[in-house]
Structure formats: C-alpha cells, structure tokens
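Consider the two complexes below, in which subunit A is the common component and subunit B and subunit C are the respective partners.
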Partner chain A sequence: MSVAQTVPAPTGLLARRFGPVGSLALALVFLAVLPLVLPYTSLAGTVLVMGLFAAGYNLVFGYAGILSLGHAAMFGGGAYTTGLLMLKLGLSWPLAVVAGAVAGALVGIVFAALALRTRGIYFAMVTLALGQCGYQLAITFADVTGGDNGLRGFVAAPIEIGGLVLDPAQPMVRYYLMFGFAAVALAGLARVLVSPFGMVLRAMRENLPRARACGLDVRGAKALALALSGLVCGLAGSLYAIHLSTVPVDTLGYHLSGQAVMMTLLGGMGTFFGPLLGAALFVGAEHLVSDVTEYWQTVVGILFIGFVLFCPKGVWGTFEGARQP
Partner chain B sequence: MSTVHTVLSAPTAGAVPPVPHTAGGALVIDGLNAWYGRAHVVQDVGFAVAPGEAVALLGRNGAGKTSTLRAIMGLMPRMSGTISYAGCPLHRAPAHARFHRGLAYVPEDRRIVPGLTVRENIRLGLIASRERRDEDTVIADIARTFPRLRERLDQMGTSMSGGEQQMLSIARAVAAGPSLVLLDEPSEGVSPLLVDEMYELFAGMKAAGTTLLLVEQEVERALEIADRVCVLDQGRLVHVTSVDDFRTDAAAQARWCAL
Partner chain C sequence: MDITLDLVLQQAVTGLALGAVYVLVAVGLSLIFGLLTVVNFAHGAFFMVGAYAGIATHEYTGSFLAAGVAAVVVSALIGAFSERVLVRPLYGRGIDYPLLLTFGISYVLVDAARILFGRQGLSIDLPEALQGGIDLGFGYFPLYRMLLVAGTLVLLALLWLGIERTRWGLIIRAGARDPLILRVLGVDVSRVWLAIFAFGAGLAGLAGILAAPLRGATPEMGDGVLVSAFVVTVVGGMGSLAGAVVAGFGLGVAVSLTTLFAPAFSDLAMFVFMAIVLLVRPNGLFGRAGLLS
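And then the complex of A and B:
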C-alpha cells in the first residue's frame, strides 16, 4: 500500500544554508573583522568577551532550556583565577587563562551539585543565590581579591610564538590573541552542539519529561552542560581580565548574569551566532546611548522589552527562522 | 516561502522484527506502591513476567496501569516496593539505569520528542542505551523493521501522522535492542490498519525472544499476543489468569474491563 502524504518543508532555509560549519565560520569571520570596523579596538575586545560569555551561557539557556541567573560566578571565577594566578604566582598569562577556564568549569560543577535538585524558577533562584555568594566572597576576602576596588596590578607579558614576539600591551595584538582562545572555544562549542550530547540537550529543551521517558540521563546531561558552559564562560572571564588588565568586582555581580540573559535573548537563544550578535548589539547600544545620556540602562532596557515583545526569537533567530546549531 | 515535500510511504511487507541485544530475565515486582501527590494510584501490586513472556495489564481507565508501567521505569515522583529484572534490583535505580539494564518504554499518546527529526528521535533511543551500536547499522535495522519510517528519516517527527508517530515511538524504544519492552496503549488513536501492523510487529518481537508487558484498552488486541493477563482495579491487582481463561470469562471482562 502506498499512501501519499504532504508534509511541510523544514523551516529555516538560512539555518540549513549555514549549517554547523557555516555558523562557526560566520562567527569567526564576524569576530575577526570586528576590530577593523569598530572605532576602538577595546570595544571590539569587549564584544568578543561578552559574545563568548553569551555563547557559553546559551549552551544551558538556549540549547538545554535551563534558566540560570548566576552565570557571573563562572565569568568572575575565571577572571579572578586568571588575575590571582598572574599576580600571586607569576604564572604566564596563557596558562592563567586556561586555569581560569577550568575554574569556570568547576564553578559550573558546584552549581550542578547544589542547584540541580531544583527545576525551573527554583533553579534560577538557587543559581542567583550562588552567584551572589561569589560576589560576597570577593567582598569579604578583600585582602586577596581587592574587594570593591577589584583585582589590580597584573600585566600580560609578551609571548613568543615561532620566533614572533607578541605583546598584549598593543591593543590589536591583544585582540587577536584573545580571538585565538575564543576561536578554539567556539569550535569546541560547535562540536559539542552537533554531537549526540547536543541532541540530548535539544531533546531536554523540547520536552524534559519525554527526554527522561526515553531513558536519557537528564540530570547528568544538565550537569555536563553546566560544566561545559562554565568552561566557556570562565574562559570569557579570563580573557576579560587580560582585556582590562584588572578584574572589577562587578564581574561577579548579578547584573552581569542578567546581561548574559539579555544578550542571548537579543541575538537569538538556541542559535549559534545569535549570542555573539546579541553581545555586539548590547555593547554597541551601551556605548552609543551612554554617550548621550547617563540613563543608558533605561534606554537599553526599553529596547530589550521591545525585542522580547516583538522579536521574541531575537535578531538572528528571526533571521534564521529556526533554532539550529 | 515554504515548499512542500511529497513523500510516499513504503510497503510494509517483509518487516524484520528487532532482536534483543541485551540479556533478558524475569521481571519480578513485589509490594509496588506509587503516588501522585496524595493520590495512592498503585497499591501493593505484585506480579512476575517470565523471560520471553507477553503479559497484558488490563483494567478500566484510572485503574493504575500506566502508573504501574511508569513505576517500573522509575518515572513516578514517589513509589515504594521492590522491582528486580534478571535478578538485579531496580527499585532504587534512576530511570536511565533501568534502560541500561535492557528495559524500554513506549509511553502512551505516541510521545516522540518534538523538535527532532525521525532519525534524531531514533538516535535518542540509541544514546539512552549503554550499548554502543553502530548508528548506521541501527538505522538500517530500524528501516527494515519499520518500513514506514524509512522514507521519513530526515523529516520532523511531529509532521507524521499519529500512527506513524506511534511507530516512531516504538522504533526509538527498540533501537537499542531491549530485552523487555513496556508498551502503554500502543493502539490508542491509531488507524486499525496500522494497529494490525503494530501487533504483527509485537508478535515478531515476542517470537524473537523479547519480553513484553502490554497495557491496552482494546482487550481483544491484547489477548492476541499475550500469554497471561493481570487485571488492575482502583490501583490494586485483582486478577491474574491465563489468556484462554480470561477470554472465556465474560463476567471478569465485564467487571474489570468494560468501559
């Protein structure tokens, strides 16, 4: 027996056109040309760091459907680890950056251990509280962390690669050194998203009870997602420390966790390129509006509300028409 | 602009039933209780299913059949009692560990995972198992077992008809070659033609050595492949008998299974 049936074509031709490799290439090209088109290299550096932070956050928020309000702890944990290792132990900055990323992953594991007993808004509340614990630790141990003043006094020394001396003190050199780390992280993220684990995350986002009824270890997958997200967000924080040559205590603040949500939603949650674009839009809006008014946060907030109401898939999500890696 | 694909379902003749890849054994349930909040939906239920046997779990709506299956799979929020499979205690194991032991579950209401293609839904079943079988081999096996899915592998699962989604739900469950399959009302809302196909498949699975625990509202359908019948009523196991005895016991059918 043959039964003719008509089914809709897969949505999101652009998503199919870009695919995982295309999305990664787009992200890398975007970051590579950023300092060439923006007026200041430091602005490009901030977009890169915040874009990487949002991309790491997107792994749990956009792909696994888990709302965390404490990701600043992973970002700040990475930043402080890098700064402290350079300042107190004199570790070379590339090693300190790697250690910062690992520290971010450890924070992610702590989050998983303490918060995964809860779900939904309760999980979000626990992560918010855990994030604030990180902030309070930085304030309490001011003799180590610098307290309100942040961590200062470390400098990224020049490094030699194949006889070529690269000095991070030069903004453009620093940017492309940071870009090298970000490129590796984004490639790793893309690999994770196209792996079976990436599919498990999507299944959990689409319907958690059904994913569980399929026999998937949803709790283990959530824990791994938090650890991997922490790795990328910790790396972003580490690069931020190199970018600024200081670690402000705000890197652990709840507003930075909120900023991760906003950047991801603005660009398009559950898309690969969206968080990078969202970071560029957020940082760009902050830069432009703060030149005009000191109430830039209000203006950016209104813009954000408008996007949520009228463009809920975010800029890139709307453009792609589908949530694909 | 959206386009449409026209697809033709493949003929179903010659379907090859899946063969269990995991070692089977007896499922023994004793003193099983389960709750939804304060509602005590499964009360002191105990029965056993021998390796290769097909047992039909019958009863009216709300009798506790689905809750019993969910409790066996570790999917109930609160439960007590003991469950063992092939001599291994399962009652303390998380749901995914029970799948690793060779159990598989086809939930009621054709519960495929939305947002994934047919191939990805099948792949989920493979990921859930501990046995790392080659994906291409599994997909080829599934395509032989479920010819209807063969042409639709890269189509979104939710774009298929209800019956085909039910087939996909079964395909996902058997992808890893489980030795015990729990089927929850597989014929519900499915066209009679597809139900025939489905039951041919179940008979083939049973012949290949797969143990089946089947919840079904259509009593006659269940009796086609079952060896024994367990009847639940108001959360309690009230009757255990052979298929032949149950088939001729009109009073029992009217008392516990009439809608």
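And then the complex of A and C:
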C-alpha cells in the first residue's frame, strides 16, 4: 500500500510520548482501577460506558476530522437492540450485547449512505437530523420501545465461564464483565489506528483535497470510519443497557450526541486516552455539581465554552502536546 | 373521521403557520451562516429566549405588542453579546469551533430559563382581537394563524427589499461574497457581522413569541425547532434565503398534512422528506455545489 509514503511516519499516531501500546495500556489500567478509587461502582460503570462512547466517537471526530452530531442514534440503537433482544427473544445478554454493537455499525452505515453525500457543516446538520429521526422512531413505536418511559423489564442472567459463575447482579462483577467488552473494543480501536487505514483517516483530517489527490478513496474511508465508530458506540450503548437494566429514551436524544462532542473535546480530540479522561471529567462534574444544584447544565455549559475558547486541545491533548519536544 | 376538503384546507393553513415559524428561524440561521460561516446552534435557544422575554413582558404590561418588541430586543441583545464576546475570538480557527461554542451557549441559556422561570413552562393567551376565526368564503380559518403567515410574508418581502435595494443590503451581499475585499473598501466588516448575528437572533426571538400562543413556552422548546430549522436549511439549500422560505412553508404544510392522514408519523415526516431531497439533490433545492466543501 502506498499510503505510508503519503503521510508522515506513524510516530505520534496514537500518542506522541506514550506510543500506541502505551496509550492502550494507560487506557486499560485507568478503566481497571476506576471502580476501586471511585466511591460508587455504578459511577465507574457510567464512566466506562461514556468513555467507550467518546472513544468510538473520537475515531470520526478526532482522527478523521468529521463532525457528526447524531451519534446518539448509534449508542441508542445498540442499547435498544440489546434490550429488545433480551426482552422479546430471551437472548442471553452477551449475545445481545454483540448484536447491539452490530446494530450500531448498521446505523453508522445508514448515516454513511445518506449523510456522506454532504460534507463539512452540512454533514453535521444532516447527522443531527438523522439522530433526531432515531429519537422520533422510538417515540412513534412506543408499543415496542416503551416510548417516553424507556425499555424496561429485562434482566442479565448469570453466565458460566469454565465453571466460574459470574452474576451481573453484583456491581463489581458487572463492572468487570463490561470492562472485558470495552477492553476488546479499545484494543481493536488501537489496532485500527496504527493500520494504514488509520493513517488515511488522519490524512483526510489534515488535508482532504490532498488525500483525494493522492488517490485515496476518501468516501469509502469515511464510510468505513462511520461503520467502525458505530460498532464501538453501539457496543457502548449495549453495555449501558446492561449497566442500567433499562434503556431510557434519552439514549437516543440530541443531548447525548452533544455530550459525545463535549467529552471528546474536554479530554482531547485525536488522542487515544483523551476521550476516556473527558468522559470521567464530564460524568464526575455532572455528579459533583448535581449534588450541589440541579442546574448542572449551566456549569457544564460554561466549562465547555471555556474549553472551546481557551483550551481547544483538551486536558490530555494539552498535556501530551506540552510533553512533545 | 371523514377527511373533507375543508379539513385539508384548514390543516394546510395550520401547516403554513408552522412553516412561518420555521422560516423565521431558518432565515436567521441562513443569514448568519451565509455571512459569518457560523452554524449557530444557539439559534433554538434564542427562539426560546424570545418566547420567555415576551411572556414576561406580557405579564407586566398586558400588551401583546410590547411582548413582541421585548422578544426581539432581548434575544438580539443576547445574540449581539454572544457574537461580540464569545464567537468573535474564534474566527479563523476553523468552522467547528464556533459551532461547538454556540452549542455551549445553548446549554447555558436553556438552564438559565429553567432557573428564572422554572421547568414547567409558561403559556400566553392571545388578545381577544386575535382570537377566533375568519370566514374566507370557502372555509372558516383561525385568525391568528392567518395573520402569522401574512405577517411573515410581509416581513420577508421587506427583508428582500432591504437586501436587494438598500445600501445596507449591498454591503451584506458583498460581505457574503468576499469579506476581505469589503474590508479593503473601507467597510467595518466586524460591525456588519455583529449586526447580522443580532438580527438573526432577533428574528428567532420574534418567531419564539409568535409561536408561544400556539404551543406555550418551555426551556427545551428550542431544541425541536432548531432541528426543524436545520432540516429546512438542508432541504432549501444552505445559505439560500429563497430556499429557506420555500422549504420552510413546504415542510410546514407537509408535516401538518401528515398529521391529518397518518398522525403517528407526523414527527417522522420531516426527516423522510429530508432524506428524499438529499438523495435526489445533495445540495438542497436551491443550494449550490461546493459552497461548504
């Protein structure tokens, strides 16, 4: 493949200082110790799910430079698929989670088919509308999805792996079961990012006309990026369904799409660890502020405005950039 | 229920009124984008601010006219402040950052409305003179909705005249084409941009108070309208005023008629239309290719 000659050597693709393996290790260690240091295991679970969501979103937004505002459709699509398969077909939860991830990828493909006809800001607006379409679908078919009340009534049964019975009803067991799925997804993401395809994504972000002039299949790469992003975000949504044992309709809402952008930007877009850190900061801020006042949106909004104005590289992006020679 | 021609016409008028609101919001969005290349995600919040400012004024003064003026002034002022203080430092830093920033602004404004006016939402009654219906010979139509459509059309005609026939309009058209040359010619472009942002926000605020008697006001009322306005600009063609007008009224009627024939799908109708238009004409009905690439 001739890609290697068209973009700089793969150093600094995942992280400048940490390298691809180091970044992945950092992310996995971070998630592994999270439930041990946070006061509630459920809080750690929310960080894990949102971190995975932001990491999947980052593939499109941070690496390929495509702003999507409809990623809630992939997250919610995964969550509802998992919930419905367990509720209506009695599928075991690990299979339902895998199916949810696939559903997220399918949503990504639908996005690619419709929205990739447009570019730039136009693309952002079309994805926003498509995302809202997903929300309206859930409201319209309330007899299947539960409408405003969300999807309820499914239970993740214990599973047995080599004689060891793991019961998701126990918070710690549930967390590390989710962690297993997330670790596989993050490792896959890291692998994709060091592949030639990962370089194509960055080449598109840096200079789209040049990438096209180099003979790269820009539209195909974008479509694949959306599908892979959908796979990860769908998985995050599926895990959210297991985490909460319900699927709130907010998982399809416009604000969750916005939250993906915020978390990624807070942590540092285009860095591997940034979205996880951003998710931890976002969920943490939401948790702390909502203890003090119910109007946490104001605080988060002002924080976000401040980051856009003064720290557009995000916490981790600034840290990594500072360490770069 | 029998679907008569009368009913269809009534529903079409309701749709036109809905479309008028879309158009007012979308025209401001389109103007701001056309000149500043800022996709204003706070536009739905300005819509909401207009509704609340109007209702609060109405409670003190009892005048619907004063409510309208207050809606425009307050949302235009907040718009001007946002542009001058927050958006302006971001020019030249790519198209994503202003968008993200205005997204943050909408978060804060929506929460501010919750703090000031509560989560429940407010309502406003029409003055008696505007209530009731009017007999047009072929049917009986709600007066306020007719006035809303007529007023929007008059406003659009004035806007068109202003852009095509006045010196200010000349500057706006020149600024949309090439702000650098305009600056070389001695026009303070940043003031034009400030004025356009405030004007667009004011239009959104006006739409907010005009829609309030029909649907009430809640802090989140702008979210749905923003998405609808985006669909309108996408269908009409980004940056095209004519497109925004045609698509706004067209989608309003389409949504309204879907409510009549297939109520369950009324909320989805708009997105189906958008998908069809995108498949046939990716740049929208009146859009030019390459405007945004």
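Convention: the second predicted complex is superposed on the first by the 304 of 325 C-alpha atoms of A that agree within 3 Å, B and C clash if a C-alpha of one lies under 4 Å from a C-alpha of the other, contacts with A are read in each partner's own complex, and residues count from 1 in each chain.
Going forward, a contact is a pair of C-beta atoms (placed from the backbone, for glycine too) under 8 Å apart; a residue touches a chain by one contact, two chains touch by 3 or more.
None of the values given here were measured: they were computed from a predicted structure.
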Inset, instruction - Using the superposition on chain A described above, determine whether A:M199 touches subunit B (first), subunit C (second), both, or neither. - result: first
Inset, instruction - Considering only touches as defined above, state whether A:S92 meets subunit B (first), subunit C (second), both or neither. - result: neither
Legend entry - Contacts of A:T298 with subunit B and subunit C, given as first, second, both or neither: second
Legend entry - First, second, both or neither for A:A211, with subunit B first and subunit C second: first
Legend entry - On subunit A, the residue positions that both subunit B and subunit C contact, one per complex: none
Inset, instruction - State the interface residues of subunit B toward subunit A in the complex, per the touch definition above. - result: 2-9, 11-12, 73, 75, 94-96, 98-100, 104-105, 107, 111-116, 120, 123-125, 127-129, 155-156, 159-161, 172, 193
Inset, instruction - Give every residue of subunit C touching subunit A within the complex, in rising order. - result: 33, 37, 39, 86, 89-90, 93, 95-97, 99-101, 103-108, 110-112, 114-115, 223, 227, 230-231, 233-234, 238, 264-265, 267-268, 271, 274-275, 278-279, 282-283, 292-293
Legend entry - subunit C-touching residues of subunit A, taken from the complex the two chains share: 67, 114-115, 117-122, 124-126, 128-130, 132-133, 136-137, 139-140, 254, 258, 261, 265, 295, 297-298, 300-302, 304-305, 308-309, 312
Legend entry - Sites on subunit A touched by subunit B in the complex: 1-11, 196, 199-200, 202-203, 205-207, 209-220
